[in-house]
Structure formats: structure tokens, C-alpha cells
Amino acid sequence: MPSRTPIEYRDASPKVRAVFDDIKRTRQVEDVNNFWKYLAHDPVTLKRTWDSVKQVMAPGALDVLTKEMVYLAVSVTNGCGYCIASHGAAARKAGMTEAMFGDLMAVVGMANETNRLANGYRVPIDAAFDR
Amino acid sequence: MPSRTPIEYRDASPKVRAVFDDIKRTRQVEDVNNFWKYLAHDPVTLKRTWDSVKQVMAPGALDVLTKEMVYLAVSVTNGCGYCIASHGAAARKAGMTEAMFGDLMAVVGMANETNRLANGYRVPIDAAFDR
Amino acid sequence: MPSRTPIEYRDASPKVRAVFDDIKRTRQVEDVNNFWKYLAHDPVTLKRTWDSVKQVMAPGALDVLTKEMVYLAVSVTNGCGYCIASHGAAARKAGMTEAMFGDLMAVVGMANETNRLANGYRVPIDAAFDR
Amino acid sequence: MPSRTPIEYRDASPKVRAVFDDIKRTRQVEDVNNFWKYLAHDPVTLKRTWDSVKQVMAPGALDVLTKEMVYLAVSVTNGCGYCIASHGAAARKAGMTEAMFGDLMAVVGMANETNRLANGYRVPIDAAFDR
Amino acid sequence: MPSRTPIEYRDASPKVRAVFDDIKRTRQVEDVNNFWKYLAHDPVTLKRTWDSVKQVMAPGALDVLTKEMVYLAVSVTNGCGYCIASHGAAARKAGMTEAMFGDLMAVVGMANETNRLANGYRVPIDAAFDR
Amino acid sequence: MPSRTPIEYRDASPKVRAVFDDIKRTRQVEDVNNFWKYLAHDPVTLKRTWDSVKQVMAPGALDVLTKEMVYLAVSVTNGCGYCIASHGAAARKAGMTEAMFGDLMAVVGMANETNRLANGYRVPIDAAFDR
């Protein structure tokens, strides 16, 4: 089952190596994370995903720290263990303090709670929100 | 089925009115949203939820705008129609521009995609993330 | 697009009518809900689903009211609008008071919140829970 | 990364110890679960969450056993490993027999199935449910 | 709130028109769906999303019909009303019969049920699956 | 906690053995997976679930390979670790190549992304999809 093992740089095809090189250059890291080493089993998806992540996570109308915290909030909501670990690390690297992490988790928890209260009470959307 | 209609201020008990008054004062609004008018069927949950939301959404290590955008990101991930409408409005009121909204949605979409790629490829957590 | 319209009793095949008859007899109702009228486009799934629901929702180690409230809790968590409406009605028919509904929503909301706090803080399972 | 280790009682601040003491007293236990030891990194969220859980899970219109089973049903639906383990233990402590657990899982499974059938067949809400 | 209205071709910028033109040419349609008209508020996300969808949904190791049915299965699981409607239509256009739709829904329902049974019973992964 | 250990054939009741025998015969395997050994704690749910899975996963309007890939797509979307492992193995056994797996994951990822874009932009359903 080939997709169950990571593809290391030394074993990668030129196409995969080109993506790995761009990740390492862009993020200033020695090696790429497991996510990319497993995705390398599908070089087309690897390249498209990296190109998209690179574009989406670059500073724009929102700064990198805010983007990483939003990524983490989504990953926590979905319960993706790998993503919580990797984007938790990325958010901290981008400047998230433990106090900010605490605030972030409090908001994520509260949103998940009130989402269900709104569902359960079948609350209709206020006309003001549709103007 | 009493919980299927909103409780307006004029029909509310003193306990519910006290919460409505605090919401209006804190948020500087003329009337409370439907969410609170439906939750008013359970005054204990109404009070606890408002007290929690008030504490969690106050400026802290994260500012109000960031908190509202995270709330929106979670609501979009869960597909809660009411919450997307109400917290979209709240985030805009707190200063979210359309460019920031665009960036936010791009990150939310990308995170939901890569969360599933990590699941599907069964990617193990890098040792570096657990240090 | 045939599956976009309900199949009424008068237009149903004998196989579908047999299931409709059993639903009406078991639940003591005049007509079946839309759920069954749409599912009738696939008579095999209609029969299997009804047979399963009938078995699962019958009184057993848990009574009917508890089962309907659990069904509602799941539907609220998943944000299924139809299911929230139909199982909210079914739970009330089985004896759920508004006070019980309020308690139920409070627990559902809290569970959805703490589920994410446990995810986000990456809490390891206590040894005691695995004994 | 401080939030990646539990905070034990002996290392806790007075504010955290006060919450731990109340948990131990209320639940009649020797030590608190990992959930609280990790949440202790944010004493404000720790206190608010415990106060809310204590209020929500106390006997009311629903008894403790029903509440714990609903909590478990939500956790299973969300796939929260920690919460399934901890609330599975809590429900059993509150009196859930293996037969009741079996019934609970059967309902949770069925609800998750029919939620998607209702979504997929795009079933409109029956007028009777909105009366 | 500009993002709450669709952007029609006649009002679109050249950058947006170029994407709309490519969608119409690729799919052989007169007009693009609402999804693209709303996404047009963020031309960068519009272009990236269309380029990705175009690449991912083209025939490859899987044919177009299978891809559309998988898309529909995911949308039904997530409860995305818009996506269920649009990809239901796309799958039918690609050749999905009502019998195939019935089979698809049966599998989606069953998978959502057994996913929760596996969660609830805390079933450990068989060694054979990791080989 | 009895439900925390698998029930092996040698320890199983006649009712459970009959289901295990049918699984082994139908799937031509030496032993059943852990899923069935844990579900065996509730013989009624074991039998109903197996009968349903056997019916649903048999070749029909969709072939076995397509059904297994849809099952996997749902499991990846829900983040069910056990189900991803077991149905990943089942899909490969039914003929899914690594190239097909790559395509499948690309579609699953894209659908999860666009589901949230549709939610966030609050895209109304096109009239054409309701005809």
C-alpha cells in the first residue's frame, strides 16, 4: 500500500522535488512536514495544494497570524488531529501567545455551542441580517 | 409549541428582561436578535449563554474583530445558516471589510480541504509538533 | 427529476403501500411524513430504513422518550433542519416538556463546546477511562 | 509549548486550585480528569467552563443519567475520542448498563444515517411540524 | 453588504469575465451558476477555485460520473443545501440514473451510521489494515 | 467495562456466531474485523447492521468498487479513523488503484472546500436546480 509511507526527498521524482524545494524556500525550513511527504504520492494534487496554500496563506487583507489562527479554529471544529498539531505549531511560530491560544479556544468552543442552540431552537434569520 | 415563537420584551419575565437590558446596553442596540428571543424560553440558559458570550467576546488577548471572524469561520464550517448571517453582520460591524471576508473564506475553504487530505492519507503527526 | 416530488399513497406501488400501511399502523397516524414519501423513490431503502427505525426506536433498555431526545440531540449537532423539526415533534409527542427540551439543548450545546476544547488542547485520555 | 502538559494541583495557582477543589467536592473524586488539567492553562476559561458544566449537568427537568447519555451521543456524532472515553465512563457511573449503551449507539447510528437521507432526498419540512 | 448579491456578466470586471467565459466554454453552458456569481466578489479566489475544480473534476483515473457522485456524497454528509442541489444536478447530467442515486444515498447513509458505531464502540484498527 | 474488549468466535453466543459465519462466508475471509467483534456486545445491532451492510454493499445500480470509494469518501469527511483504515483496505481489495485513490481524495478535498465557500457566501439555489 504505497500511500501509507512518506516519500522522502532522496526518493522523490523531479516534479515532487520541485514542490518540496519551493516549500522549503518559502517557509525557510530544512525539511517539509509529513503532510507533504504523504501527498507526494499524487504529484498533481501535491502541486495544486501547495500552490493554493501558498497563495491563500500569504499576507493579504488578513495577516499571517490571523490566517493561521482561523486555520486552527477550523481544524479544531473538525477534530483533525494532524491539522490541530501542525497549525497549532504554525500559529505559535507566527506569533500566537498562549493567552491568544486561550482566547481562540474560548471563541471556538462558544461558537460550536451557540451554533447548536440556533439549530435546536430553529431561530429564523433576522431581517436586519439580510439587508 | 411555545419554543417556536420569539419572546418579545413586552411579554418577557423580569429575569429575561434583565438579560435583554444588559445585551442592549452592552451592544448599544435598540432590540436583541432573534437568537436571544428564542433562547428566552429557557431563562437559565439565556442568562448563562449571554454571560459566557459577553465574557468570551470582550477584547482580551485577541481583539473583537479577530474573535468575530473566528466565530464566523466556525459557523461556516458547521453550516449554521443563522450563525453565518448574524456573525457575518457582527464581523462587518466590528470592521471586517469585503477584502478581509474574502481572505477569511479562502482560509476556511482551504482548511476544510486539507483537513480531509490529512485524514484520507492518514498522515502521522510529525515528532516536531509534539515537542 | 422524479426524486424531487413526494410519492403519495394513491400513486404508490404495492411494495411501497405495504411499508406506508405498517408505518401508519405502528404510529397510529393518518398519513406518513414527507421523509417516507421521498424515500419511496427507492422501495428497497424505504423498507430497510423503516424496518430498522421500527426496531431501533421501539422501547427496550431505553424508553421511547429518551430515544427520541437522543435522536433530536444528534440531529441538532448535525444541523439537519428536517430531522430537527420531525424529531422535535416526535419527542414532544412522546412526552418531552419544554423544560426538558431546554435541558436537552443546554447539554447538546455544552457537549459541542467541550468536544472542541478537548480537541484544541489535545487532551490525552486518562488511564482510568481505559480500564 | 506550555499548553501541551497537564497542570497538577501542586503546581496550580490559587485560582485554579479553587476550581479543582470544587470539582473534587462536587463529583466526590480524588483527582480531576486531564480535561481540567489542560484547561487550567487558561484559568478564566477553566472557571467559566466548570461553572457551566456544573449548572448544565445537575439534575433538573432531565436526570443526570439521561444528560450523560445525551453528552455521549453528541461526542460520538462529533467523533471526539477524549469525550467518548470520559463521558462513556461518566454515563456508566451514573447507571448506564451495557444494554442501555447498546440502545444508545443504535439510536445514534440510525439518526446519523437518516439525517443524511433527509439531506440527500432534499425532503421539505411537513406543515404539521411547524404548527 | 456587496457580497450578498450575485455579480452578473454584464457588471463583471475583465478578470471575472475571463473566468466566466472559461466556465461556459468548458461546461458548454449559457450562463454560470450562482456559486460563481457570488464568488466573483473575490476574483483571486474565483480564479483559483475554478482552476482547481476544472483540474480535479476532469476525467482521470476516475470518470466524471464517479467524481460527481463522490462530490454529492460529501455534500450530503456535510448537509450543504446548495451543493446537494447543484452537484445532484451535475451528477444527473453526467449520467446518474435514479437507481444509481438511490444506491448512492443508501451507501452514504450506511457509512454515516457505521462511522458512529465505530466511534462509540471505540474499535481499535485491525493490524491487517496497517500492513 | 465489557464493551471495551472484542468478542472472539470461540467466546461468542450461537446468535453472534451465526452472523460471524455469514460475514466470513460472504466476504470469503478467515476472521471478521474488529468492528464486528465489538458490535457483538449487542447481538441485535450486530445482526441488523450486518444485514443492512450486506444488502447495501452488494452490486446493484452501482458496482462494489464505486460503493467502497463512496464509503471511504464519507469516512474521510467525518474523520473516522477506523473507517478510513477499514474501507481504504476494502476499496483497494475491490480494485481501487493508487491513482484512483489520489483522484478520490482530490474530489473529497475540493468538495469539502467548496461546501464551505457556498455556506459562507450564502449562495441561493439556482432556480434551474429545482426544476
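Going in written order, the chains are labelled A, B, C, D, E and F, and every chain counts its residues from 1.
Note that a residue touches a chain if its C-beta (ideal position, glycine included) is under 8 Å from a C-beta of that chain, and two chains touch if they have at least 3 such contacts.
Quantities reported herein were computed from a predicted structural model and do not represent experimental measurements.
Contact with both subunit B and subunit F is made by A, C, D, E. Each chain's centre was taken as the mean of its CA atoms, and the one lying most distant from subunit C is A.
Distance between Cα centroids is largest for the pairing of subunit B with F.
Taking CA atoms, the transformation carrying subunit E onto subunit F includes a rotation by 180°, reported to the nearest 5. We define each chain's centre as the mean of its Cα atoms; on that basis subunit A and subunit E are separated by 21 Å. Centre to centre, using the average C-alpha position, subunit B and subunit C are separated by 27 Å.
Multi-chain contact residues of subunit F (touching two or more other chains): 1, 3-4, 41, 44-45, 48-49, 52, 56, 77-81, 85, 88, 99, 102, 104-106, 108-110, 112-115, 117, 119, 121-122, 130. Residues 79, 92, 98-99, 101-102, 105-106, 109 of subunit F are the ones touching subunit A in the complex. Chain contact summary for the complex, subunit E toward subunit D: residues 72, 76-77, 79, 81, 84-85, 88, 104-105, 108-110, 112-117, 119-122.
Against subunit B, in their complex, subunit D makes its touches with residues 1, 4, 44, 48, 52, 55-56, 130-131. Interface of subunit F with subunit D (complex): residues 1-3, 41-42, 44-45, 48-49, 78-80. Every residue of subunit E that touches subunit F in the complex is listed here, in rising order: 3-4, 33-35, 38-39, 41, 45, 49, 52-53, 56-57, 60-62, 66-67, 69-71, 73-75, 77-78, 80-83, 85-89, 97, 99-100, 102-104, 106-108, 110-115, 117-119, 121-126, 128-130.
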